[in-house]
């Protein structure tokens, strides 16, 4: 599940030869390097999320998880614990929605702009992820 | 959010002059006429749903709604009613997921292939609809 | 899933001999006969739903399902259809939440008031139904 | 939201004078002292969760949250991140369902067994928490 290439995010959308060794799955980073994208003539407006924001949100939710443990350790009333569990679940789902929006705006949009079978695969893959979000 | 091209989208529902009276919102049909799309050079693979299928599924869910009324009229045990309500909810969400997949494969893909601001608007609009699905 | 007993709702919570032939599942009608319940000394406050309300809500959701079919027949824009699907899903879930509240206030509360293993079974059964609601 | 009383769980369900200073909300700990409950003649079967299990599950989900941060730091493919977000959301909801089941089996069941207005309040409160779980 991890990306192990050493070249870093900067190479992701480049048209360089080395990019051809990166599999299709790996060509879509969380944060597409916008400079490269624009050089390719693909305008990306409305791409709001970035890696720092994503990490900040995840750290905040991790903090909510530790807060939940404190509530349980202090024998907090079940319903009050459940209220915090629901708030944490909502924060996670909100994070997922932002990430899906970013994914559609970058990875899926790029695949469609490039055309071919890969575009269909990307959309089908996104639809399966949306289904997991709805059913979780 | 609107499709402003004169040639492509306008032809989807008919190809006739009357299609020009269809608002921009209506230019992205549930079932894009694949013939036209292919003539435009946009290959659409994996587009499985069609209007008849959609109507058949909605009619089946309407039947489930009538079945629920019969259960209540017959004083069926609450938990048994609730089991059927959950099955009906799942069927509705499954319908929504198929329609969203179709929407991404046709309307959103078309907007992206055409490029410009409209693509961003379409994706943002789809993301808002995904959020409603997750939170409903 | 249907209740076929002829004696009507009035016998549901009675301690009469005939009630003993009704299985535990059948002793909890959608609309507990409050008169009997009160005669038995089980106060039921806050039981707001009744059969007519439940049927009215289900009929309204059935109407929404027919509205969805009209939208599809008229080639309404996918996102507009999806907005209505989400509204219908929400209405169904709201119906389920009301029915679960009624169930807890009547069937589960009665089982607990009577004590014994049946109370545990009723709560476990309700928890499984809640899980289906959360995951649907 | 925290319980600050020093007397510990043992006093929660007792009929002792000190218990009268504990508000109704505080009388229902995460882990009801079963000894006391049994002395009062309230059999509680099927109460499976306990504080250690709850904490263990929450720590595991906190670990999943840290795993998510690693995935983002390593520029893992969006869809792979989203798969883990959905798994984490499911784990949180599963935790909430177990806690709600425990709450019904202990706090709500005790309130019903004691009778009075408090029972209605407890059920209404549980129903609101169920609604938050369904809509989150």
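We call the chains A, B, C and D, going by the order they appear; numbering starts again at 1 in every chain.
Rule of thumb we're sticking to: a residue touches a chain if its C-beta (ideal position, glycine included) is under 8 Å from a C-beta of that chain, and two chains touch if they have at least 3 such contacts.
All values reported here derive from a predicted model rather than from experimental measurement.
Peer 1: If you average the Cα atoms per chain, which one ends up farthest from chain D?
Peer 2: That would be chain B.
Peer 1: Taking A-B as the reference interface, identify its repeat among B-C, A-D or C-D, namely the pair sharing over half of the contact pairs by residue number.
Peer 2: Within B-C, A-D or C-D, the interface duplicating A-B belongs to C-D.
Peer 1: Averaging over Cα atoms per chain, report the distance between chain B and chain C in Å.
Peer 2: Spacing between the chain centres: roughly 31 Å.
Peer 1: So what's the Cα centroid distance for chain A and chain C, whole Å?
Peer 2: The separation of the two C-alpha centroids amounts to 39 Å.
Peer 1: Between chain C and chain D, what's the gap in Å when you average each chain's C-alpha atoms?
Peer 2: Taking the mean C-alpha position of each chain, the two centres sit 25 Å apart.
Peer 1: Could you check chain D for residues that touch two or more other chains and list them?
Peer 2: Residue numbers touching two or more other chains: 93, 96, 100, 126, 133, 135-136.
Peer 1: Can you tell me which positions in chain B touch chain A when the two form their complex?
Peer 2: Contact set of chain B toward chain A: 43-46, 93, 96-97, 100-101, 104-105, 108-109, 112-113, 115-117, 119-120, 123-124, 126-127, 130-131, 133-135.
Peer 1: Looking at the complex, which residues from chain D come into contact with chain A?
Peer 2: 1-3, 9, 25-26, 28-31, 51, 54-55, 58-59, 61-62, 65-66, 68-90, 92-93, 95-96, 99-100, 102-103, 107, 125-126, 129, 132-133, 136
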